[in-house]
Each structure stands twice: as structure tokens, then as C-alpha cells.
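Here subunit A shows up in two complexes: once beside subunit B, once beside subunit C.
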Partner chain A sequence: MKKMLQRLKLAANPRSVAIVGASPTQNKIGNVVLRNFLDAKFPGKVYPVNPKHTEMYGLKCYAKVSDIPGSVDCVIIATPAETVPGVVEDCAAKKAGGVLILSGGFEEVGRTDLAQRIKEIADANGMPVVGPNCLGIYNPYSKLDSVFLPTYKLERPKPGNIAFITQSGAVGSTVMDLAAFYGLGFSKFISYGNSTVLDESDYLEFLMQDKETEIIILYLEGAKDGRRLLEAMKKVNRVKPIIALKAGRGMGGQAAARSHTGNIAGSYLAYQAAFKQAKVTEAEGISEVFDIVKIFDQPKTAGNRVGVITNGGGMGVLTADAIESEGLALAQFSKETEAELKKILPAYGNVANPLDLVADAGVEAYEKALNLLLKDPGVDALVVVVLLQTPPIDERIIHVLAAAAGNGKKPIATISVGGTYTESYRKVLESKGVPSYNSPRAAVKAMERFITYSKYCAELGKK
Partner chain B sequence: MTLVEDFALLEKHGFTLLPYRLAKSEKEAVGAAKKIGYPVALKIVSPEIEHKTDVGGVKVNIRNDESLALAYRDIVQSAAGKKIDGVLVQKMARKGVELIIGGKKDPQFGHMMVLGLGGIYVEIFRDVSARICPLVGSDVEEMVSELKSHPLLEGARGKKPVNKKALQQLILKACNFMQKEDIKEMDLNPVVFDDQGCDIVDARFSR
Partner chain C sequence: MKKMLQRLKLAANPRSVAIVGASPTQNKIGNVVLRNFLDAKFPGKVYPVNPKHTEMYGLKCYAKVSDIPGSVDCVIIATPAETVPGVVEDCAAKKAGGVLILSGGFEEVGRTDLAQRIKEIADANGMPVVGPNCLGIYNPYSKLDSVFLPTYKLERPKPGNIAFITQSGAVGSTVMDLAAFYGLGFSKFISYGNSTVLDESDYLEFLMQDKETEIIILYLEGAKDGRRLLEAMKKVNRVKPIIALKAGRGMGGQAAARSHTGNIAGSYLAYQAAFKQAKVTEAEGISEVFDIVKIFDQPKTAGNRVGVITNGGGMGVLTADAIESEGLALAQFSKETEAELKKILPAYGNVANPLDLVADAGVEAYEKALNLLLKDPGVDALVVVVLLQTPPIDERIIHVLAAAAGNGKKPIATISVGGTYTESYRKVLESKGVPSYNSPRAAVKAMERFITYSKYCAELGKK
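Let's turn to the complex of A and B:
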């Protein structure tokens, strides 16, 4: 397995790619994938493989992988299921780095015989195989992109530090599109489908070693081997945080209605238990994955005392409510901080936490208040409400928040609630690495998850 | 396996059960109660009855020979027409917080333990927490604190908190038992806890 993961590193960062089933016909999978490489100006070699053609988009087309003269780091297969074992065998003979099988028609339709043959070839040759029945890998660093959804319909995220492992291609691709929309950067996207050869535990181990990856999102329907997954999560999560989204949770709910605890232990309860044991952060839906993942870039803190700044009293109260219900605490500002804060506030203002700068507050007041709370040793984390609708707030707030979010000492979440104008600001904030939320609850929930993980890391004795 | 054999296996694995005896007649029941000491509970033991309470097969808080004789007749009557192994005479449990400790062999993760509060908490609020075996002490602490109803275990309304050490030991023991005997499903339900310790009132498991 170690050898396979070594080779997966090569296949996921290829300098030469063969596309079996490449096609000149628009909208065919083999066409979309080939054009991904051409459009992205893939810096390495691209080899279309299709016995019916000799040339495609000005590239020489080969009849089979073993006909290609040079080495092949990664082979993408998009031909009918029946043909795939033969192609995989040819890849093994060619000593290709690894194989991504996009084609469906294996275990999911009862053709375990085909899947079994693929597994035997892969195991015998130590050759990593991703899939089948998946979208394969997107790696913005090496420009590997086997996702057969056209880029004009599904945007690709910029390079970043988030890796995303997904069993489902549909969920995976939509999350990728959303990540691109919100300006989040990906290190690797791995859609692994049937997990015939490599499964989620292998990908976790692979990403633990991946130098571009710092945060891992895991979308899971059912693990191939639960025990192994638990061990892999324990091992990886202490080095790089894992945010898990488990689908198919309904069974547990039904089982929980029964009176015997034996029956209550439906399988989702087991997953939940495993996530908790590995200290993996569980998200409850796609939007929560985004809420959580974007704050994990912030500096860790082992404390739970939150300082709140707002320019709208009501939003401060909602934030304070969320802080209480999530089990965090409102920080008590130091005497020095309080004295300095008094100077910023208008005469009728009140120094308290939440700190209400009131609607008259300009960008300067935010800047000063942020700096004071960042310095106050009694404040572990900051939640900053900025209602962008007030007259004195202008675009300079972006730089102030970005500077604060990049302070490197305390985690910050910002909240801006509103319509079109506010949302356009939020997009800019996110692209500058400022965790921005459109509701107090979402912000505080994400902060709580992050503080919980930070505490776990602190207990492990690392920063 | 019969109930008594089940109990015996649990005792072999170090579980302390409430003192019990299986009586096959009214006379035997009275003798058993005398040995165990009042108050006692009577429970029908029949392979054909799963929910003993539902058929009137359980009588609790029996304080003397006279009540015991009457209760015995009622219970046997409740099982008329069914195969009966006997009537279990069991020491009454302490008063306290009723917990359910369950175990299951999950097809994916293998043996796991589940903790919940007895009665309506499990059935209506689905308030349970779980961990995959093997467990360590801190897992049990987390299981307790994850229960929404955990203030009840901490001694709400002037009551003393339940004995956490006993709880921890029992869950770890149950986890061990599940793995050693490769149990498919297990249910210690209820186990009554107070600040001193706990009483396992009923236990069942299947392989």
C-alpha cells in the first residue's frame, strides 16, 4: 500500500497524461477531459488514446497506452466498463504511474467481476487506481483535471490548501463549483467513486503527506472499512484537520426511536462515534462545510473567551446568544482595554462585551477596537459584526478586516447580514481570506468547532 | 441460553448483578425472598415473553411473605398458556438515575457502546451517545457529557451526582465483555445509579 500511495503522488502530480477514450466529439466525456488539459495549458505531455483516430486537436493519437513512446504518469480512462480491465492491464505493462477510471458500470450495477479484475491487476503491480465510477482528480497545482464537467459550467477553484475527498461525484463537483464561487482555494479534489482499489482511508493517508494540503474535507456515504477509517482519521486529524460530512444519516434516527440501545446503535451513530473518537469535526450540511472550513485557516487558540464588536446592538445580542448556546464564553475586557475603548465610543456609548460601536462608527473605530481586543490577553477569539448598510462604513473596512484576520494571533470571524450590496462585499472579504458569515449563528458555530479542534491540538502539545 | 445462564455468564465476567434466585414454586419464591431479604421484585422468566412488563409479568417492591405469595400467583396467571422457566426473585434496586448501557456489533466499525438515559429520554428525545470499542476512560467521560440530559447525572435539583467511577468501570467492563465473547447485541437496561454505585436491574444479550 505504501508503494501504491507513493505512486499516487506521481499520478496526482503528473507531467504526462494519457486519456483513453479521448474523443473529438463535443460533450463526450473523453472530449471534455481532453479539452480540460488543452484549455488549462497543461504544462506536461498529453496523449490522446483512441484506436479510431490518429490525430486529435493537433496531438498524435495512440491506439493503446503501451504504444506511447515516453513514460506516462497518469492514465485517465473513459471507455465502456467491459473494456476497462484490458486497458488497466495495458497500463500496468506500460508501468504507468497510476490510473483514474471515470467509467461507470462496475460494482454499482453488479459487475463485481470487472471490478475484481481491476483490483487484481492493481494489487499485483502496486499501481494505484482511483475509482471507477468517479470524476477522478483535480489538482490546480499540476493542472491535472479529469473532471468531465465543462469548466464554463463548473468553475474550478484556485490553488489553495483545502483538499476534498468525495465518494459522490455530484456532491463533490457542486462543492467544487461553490468553492470557486466563494474564492476558496483547493489543493486536491479527489472523487473516488466505488473505491475498488484505494478507499477513503488511503486518500486520507495520501493527503497527510501532501505538501499543498492543510485542511481536508471528507464527504462520505459509507466507508469501505470502518475500523480502518477510524484509525486513519485518528492518525491524520491530529496533523491536518478533517471536516467530515456524512450522508445517509436517516437510519440512525429511525433506529433511535426503538427502545433497546442495541437497536439504537444504527450505523450513523457508529460514524458519529468514530468522528468524535478521532476528534474529527463533523459538518451537518454543505453550507456548514464551507462555514467551518474557512475559519480553519485562522490562528489556533486554546481559550473560549470571545470578544464581540458590532455596529448594531441587536446583532450583538444575537451573537451573544449564539455564543452562549454553543458553549463559548463572552470575554471580560481588561481595565486598560476598557479605558482605551471609552475614547473611541461616543459619550452615550457603553463599554461592554458585545462592544457596540453604534451605527455612527466609522472604519477607524473598528480598526482601533480590533487592535485593542487583539492585544487584550483576556480575549481568545473575535467575532466582528459589520453591518455594511450604515453610512460611515466604506470599502476601507475590507483592508481593516483583512489586516485583523491576518494578525496571526487570534481567530476572527466576521458577520455581515444583508442583500446584494452586502453579499458583494462578503465575496471580496472571503477572497482576502477573511472568514465572513451572513448570520451570527453560522459564524459562532464555526468558531466553536475551530476552538474545539484548537483545544485538541493544544492537548496534543503542538501549536 | 436461558436468563439464568445469561446472568451466570455476566457474573463470570465480573459483573455484579442484584442478588437473585430462580423460583419454580410459590414456596421456593418465599424461601428465596427470605434469603435475599425484602423488599424484592418478581419477574416472569419465559422464553415466550419478551416484554415482561407489558403482560403483567413484573411485580416490584414486595415487602413480605404474604404479598409475595399473592404476587407470585398473579404473575404465573399472567403467563397462562405460555412456557414458563420460573419466576425470578430479585432484590429491589436502589433509587436513583436509570441509565441504559447498550452494545452492538456494527457491520462497519465492529463493537461499539451506547449510553442513554432510561425511559422517555431514550425513546422520545433519542438522547444517546456512543463510542467504538475499545474505550478508554476519557471516552466514557465524553459520552456522559455529550448527553443532553447530563445535568441529571450531575445531580440536578439538590440530588447527589451519580457515581462516575462506577459508571466508567461498568461501561469499560461491558465493552470488554462484548469483544471477548463476540456479542452481537447487549442491553443493560436499566442500570440504576446513585452517588454510591449502581444496580444492574436487567441484562440481555445475543451472540
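Let's turn to the complex of A and C:
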């Protein structure tokens, strides 16, 4: 297995890629994938493979992988299921670095025979195989992109430190699209489908070693080997935080998962217990995965006393509610902080937590309040509501929030709720590294998950 | 009180408006409000009132309301708290239809004396007073707009059938902004702040009679009279569904609510029990209010058997999970439906619920599957996942989903998750009356709330 993961590193960072089933016909999988490489100006070699063609987009087209003259680091296969074992065999003969099988029609429809054959070839040759029935790998650093969804419909995230391992291509790709939308950066995206050869535990091990990855998202329907997954999660989560979303919880979901990737979803309670034991952060849904991952770049804190700033009283109330229902505490400001805060509030304002700066508050009031709470030793974390619609708030708020989020000492989550104007600001905030949420509950839930993981790190003696 | 609500109808649909504290200085409240009327080309008369000016934006400016020659249906007050009782007295002398007090500085900062004075004048004259410490009223039908947030920062919804009563201006206005963003229409927006004269129960009664209103959202921190609110909710919710969001749940939230609008938030458990008793739909947070309200225009159903269609297997699994955790049931398709569905699936596809059309599915497959499930008597409601990123899905999906959502028989919720491309489609879908969600859980939760209310209506013998 060590050798296979070593080769996976090569296949995920390839200098040469073969696309089996490459096609000149628009919207065919083999066409979308080939054009991904051309459009992204992939810096290495691209080899279309299709016996029906000799040339494609100006590139020489080969009948089979073993016909390619140079070495091949990564082979992407998008041909019908029946043909795949033969192609994999040819890849092994060619000593290709690794294989990504996008095609479906294996375990999920009862064709375990085909899957078994692929596994035998892979094991016999120490050749890593991702899939089948998946989207393969997107790596913005090496420009590997086997995601067969056009880039104009599904944006690709910029290079970053978030890795995403997903059993479902649909779930993974849409979250990736959302991540790109908000300017978050990815290190690796691995859609692994049926996990015929490599499974989630292998990918976790792989990403623990991956130098670009700092946070790992895991979307899981059913693991091949639960015990091994628990051990892998324990080991990896100590080094890099894992955020897990388990699907296939109820009976109907489990049946759906089985016909989706051919895996047994298994008892959700067992998974939940495993996440707890490994101290893995569990997300309840797609939006939450996304909400949580955004805050994990913030400075860790072992305390749970939250300071809240707002320019809309009702939003402060909702935030206070969420803080209490999530088991966090409202911080008590120090006497010094309170005296200083009094100076920036209008005569009729109340110094309290949540601190309501009221709708008259300008950017300066925010800046002062933020600096005071960042200094106050009784405040461990900040949740900052900024309703961008009030007249005195202008674009300077971006600098103020970005400076606060980059303070390096306390984690910050911001909340702005609104339409077109607010959403455009939120995108800018996200791209400046400010975790931005459009509801108090989402922000506070994410903060709670982050503080819990921070405490675990503190127990481990990690900063 | 009857007389006061009668006059409120006039004040909320005014043909003449006075703005006390109108100002030529940009970003001042009295300036933003005056310009709202000018920008919206308010069809009635607009009277700026400010003793320091004789003219403003080409309009004659009056020293006080009683100086205005004609009748005044609605007076908007944006002057300091100390001056407000005097202005209200002048309004009463003028026999103005009603008064919206935007100014803060009353109960919420301990100035109950000022509030008491206002209440006495209002009661003695049967004159309705909205506020103080609020945003007043937005009515897209009459073009009344006292919301002192510039329209370029906070969009106003188009005319529609949703009324929003909110104790918090911030919460209300941001939800209104979100509603506009997604093309939902409002009938009335009433931000009522301290509820010194009229309170939530009065507004509920008022909206029950309002011919443009069909759905009511209520954001509440603390009611003046809990028993009366319960009775009002019972009465109104039978006629028009109420969606309630209660803030100030924990101790910290309650303290924050007190300093926000001067109201005692009260025991959350008591409110929760009241919502249950009145069969009012409770939302857990802002995003949920918004998620729920979108689906209430769909056809009612008394059954809870949900059919799911998807083109991404993982999304089907997540949707099935949500259906079970929300206490709904996955429908069992009839033999006839199954036979017909088989024809539109690829050879390796499985006929099951969730129905996974797989990523190859085009718009035609959706159309056929939707029509089959709409016909199947074993299916009460539909949740349709459409990942818009797959190559075969093009803009015709809009027509197909809009036709399905307008079928008049079964409620439909759709789910599309993604970035720029997907979000732009979601906006179009919303504007075509298709409830669109960006997560399976949000869609299923909203559907559950709607089915529960539908069942209540069926018990009442309402269609």
C-alpha cells in the first residue's frame, strides 16, 4: 500500500496525462476532460487515446496507452465499463503512474466481476486506481482536472489548503463549485466513487503527507473497512483537521447509497461514535461543511467566551441565542473594556454583550470595538454582525474586518445578511480571508466546531 | 382598537405623507426617507416637515404637521426622542391618519415617561402609532416606504402576498433584502420596534383583513401580552399561515432583547407551547424563515410521501436522510410508474426512490419523470435535485421545473447546489415561482413545515 500511495502522489501531480475515450464530440465526457487540460494550459504532455481517431485538437491520438512513446504519470479512463479491465491491464503493462476511472457500471449495478478484475491488476502491479464511478482528481497546483463538468458551469477553486475527499461526485463537485464561488482555495479534490482499490482511509493517509493540504473534508456514504477508517481518522485528525459529512443515515438513505456506489452505508450511530472517538468534526449537511471549513484557518483558541458586536439589535439577540444553544458562553467584558466602549456608543447605547453599536455606527466604531475586544483577556472569540445596509457603513469595513480576521490571536466569524449588495461584499470578505456567514446560527455553529477542535489541539499540546 | 386598526389601514395605504425631520443632508434618516418617496415616484402628496427649512428637493417644507393645508394620511417621525411626544400631539390635533415613529431613545433606554405620553395621546385620539424605535412600514402597493436604508444597499421586494411583522428592524430589513434578491413579493413590511401603542397581536389582526396578504411572517422578541398573542395567532393562523421566529431564547438573548426594544423576552418554552397550540409554523433561524415562506405558495397536500428525483446520487442519499430525519416518508412508486421510469433510465440505472436519473440525464428525462411522479397517487410531494452543472442540463430545465411547480396538485421543492452559474439559475427559478434551495436539508425541512400546515388546513376542512 505504501508503494501505491507513493505512486498516487505522482499520478495526482502528473507531468503527463493520457485520456482514454478522448473525443472530439462536444459534451461527451472524454471531450470535456480533454478540453479541461487544453483550456487550463496544462504544462505537461496530454495524450488523447481513442482507436477511432489519429488526431484531436492538434494532438496526436493513440489507439491504446501502451502505444504512447514516453512515460505516462496519470491515465484517465472514460470508456464503457466492459472495456475498462482491458485498459487497466494495458496501463499496468505500460507502468503508468496511476489510473482514474470515471466510467460507471461496476459494483453499483452488480458488476462486481469487472471491479474484481481491476482490483487484481492494481494489486498485482502496485498501481493506484481512483474510482471507478467518480470524477477523479482536481489539483489546481499541477492542473490535473478529470472533473467532467464544464468549467463555465462548475467553477474550479484557486490553489489553497483545503482537500476534499468525496465518495459522491455530485456532492463533491457542487461543494467545490460553492468553494470557488466564495474564493476559497483547494489543494486536492478527490472523487473516489466505488473505492474498488483505494478507499477513504488511503486517501486520508495520502493527504496527511500532502504538503499543500492543511484541512481535509470527507464526504462518506459507506466505508469499506470501518475499523481501519477509525484508525486512519484518529491518526490524521491529530495532524490536520478532518471535517466529515456522513450520508446514508436512515434506511432509505442507506438503500440509496447502496445503489449509488455499491457500498453498505452501515449504522449511522457507529459512524457518529467513530467521529467522536477520533475527535473528527462532523457536519450535518452540505452548507454546514462549507460553513465550518471557512473558519478553520482562523487562530485557535481553547476558550469558549464569545464577544459579539452588532449594528442591529435583533441580530445580536439571535446571535446570543445561538451562542447559548450551541453551548458557548457570552463573554463578560472587563471594566477597562466597558469604560472604553462607553466612549464610542451614543448616549442612549448600552454597554453589554452582545454589544449593539446601533444602526448609526460607522466603520470607526467597529474598528475601535474590535480592537478593544481583541485586547480583552476575557474574550476568547469574536462574532461580528455587520449589516452592510446602514448608511454609515462603507467599503472601509472590508479593511477593518480583514485586519481583525488577520489578528493572529482570536478567531473571528462575521455575519452579514442581505441581497445583491450584501452578497457582493460577502464575496470580497471571503476572498480576504474573513469568514462570512449569512445567518447567526451558521456562524455560531461553525465557531463552536472550531473551538471544540482547538481545545483538542490544546490537549495534544499543539498550537 | 377597531377604530385604530381602521385608521392604520389608511396610514399604511396613504395618499399623503408628512416626514417630520426631513433633511437635505445625505445619509440622515430624514433624508433617506424623503428620497425613498421621491425615487419611488410616490403617487400622492409628500410634505417635508422641518422648521429650519422652507423648501426641500423642490417641495415646500413645513414647520409643523398642523401647518400642512390638506389632510395627512401618514406621518413619519425621525426627530430626537425628546421632541416626539410634542410632534405626536400636533399630529393628533391635525387628525393625521396614523404615525410611524422611527426615532429610538424610549423604553429601550428607560425613557418610559416619553413612551407613556405617546400612548396616552394615541389612545385618547384613536390614532394608530407604529414604533417607536423601528423602520416603520414598506408597502409596495401604495409605495409607502419609511425604511431608512438606501435602496441601492437594501433592495425592496416587488408587490406580492407575503407580509412581514418584525420587532427588529435589522432582522426584518435584511430578510426583506433577501426576499427581493430572490424575487419574492411582499404585501406589507411592518417594523414595529417597542410596540408602545400597537403590538404584534394588533398587526396580526390587521393583516388578517389585508386583501394583499396571504402569508404572514412574525419576528418576535417579547410580546406585551402573551395570552392575547396566543388568541390572535390561533384566530389568524386558521385564515392565513403564520411563520414565527422567536428570538431571545436563552438568558443572554433575553437580556439583549430587553435592551433592544425594552420588551421582556419571556420564557421560550411558553412561546414554543403557544406556537404549537395555535399550529403556527416555527422557524429556527433567519435562513429558515426564508426557506419556509418560499414553499407556502405551493399546492397543499395532506400526505407525507415524498418522491425524490436527482441527477447526482449523493444528493439523493442526503435528501433521503433529511426526509427520514424530518419524519416524512419516501414514497413507494406504483408498478405502472416503475415500468414507465425504466424506459427513461440508462440500462445500468436503478428504479428506486430517490430516483437517480444519473449525470447523463437531460431535460427530457426530468420532464418525463416529473410527469410520472405527479400522476402517481402514491406520491404526495416532490423534492427535485437538479445539479445544473452536468453537460446535458440546459436552460429548458427552467420551463420544465416551472411547469411542474405550477401543476396545482402537489407541492414541489427543488435543490440546486453550486456557484455563480447555479446561483444565477436559482434566481430565475425563484422568480418563476419555483421554490429553490441550495441544500437538501433546507428543502426538506421547508417541505415538512408546509405539509404539517397543509394537514392542519385539511383538519379545518380548508382546501
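Some notes on this structure:
Following the convention adopted for this analysis, the second predicted complex is superposed on the first by the 447 of 463 C-alpha atoms of A that agree within 3 Å, B and C clash if a C-alpha of one lies under 4 Å from a C-alpha of the other, contacts with A are read in each partner's own complex, and residues count from 1 in each chain.
One rule holds for everything that comes next: contacts are C-beta pairs under 8 Å (C-beta built on N, C-alpha and C of every residue); 3 or more make two chains touch, one makes a residue touch a chain.
It should be emphasised that the depicted structure is a prediction, and the values quoted were computed from it without experimental measurement.
Of the two partner chains, subunit C is the only one that A:R441 touches; subunit B does not reach it. More residues of subunit A lie in contact with C than with the other chain of the pair subunit B and subunit C. When the two structures are aligned on the shared chain, A:G433 is found in touch with neither subunit B nor subunit C. In the superposition on chain A, A:G313 makes contact with subunit C only, not with subunit B. Once chain A of one complex is fitted onto chain A of the other, the partner contacts of A:Y219 are limited to subunit C, with no touch recorded for subunit B.
Of the two partner chains placed by the overlay, only subunit C lies in contact with A:V171; subunit B stays clear of it. When the two complexes are overlaid on their common chain A, residue A:G30 makes contact with neither subunit B nor subunit C. Note: residues 253, 256-257, 259-261, 265 of subunit A belong to the subunit B contact set and to the subunit C contact set alike, using the contact criterion stated above.
Those residues of subunit C that touch subunit A in the shared complex are 27, 32, 81, 104-105, 108-109, 148-150, 152-155, 166-175, 177-178, 180-181, 219, 221, 247-253, 255-257, 259-261, 265, 284-287, 310-318, 320-325, 330, 348, 350, 352-354, 356, 358-359, 387-392, 417-423, 438-442. Only residues 100-104, 106-110, 112, 114-116, 122-123, 126, 128-132, 139, 142, 146, 185-187, 189 of subunit B touch subunit A when the two sit together in their complex.
Considering their complex, residues 222-223, 225-227, 230, 253, 256-265, 267, 269-274, 276-277 of subunit A touch subunit B.
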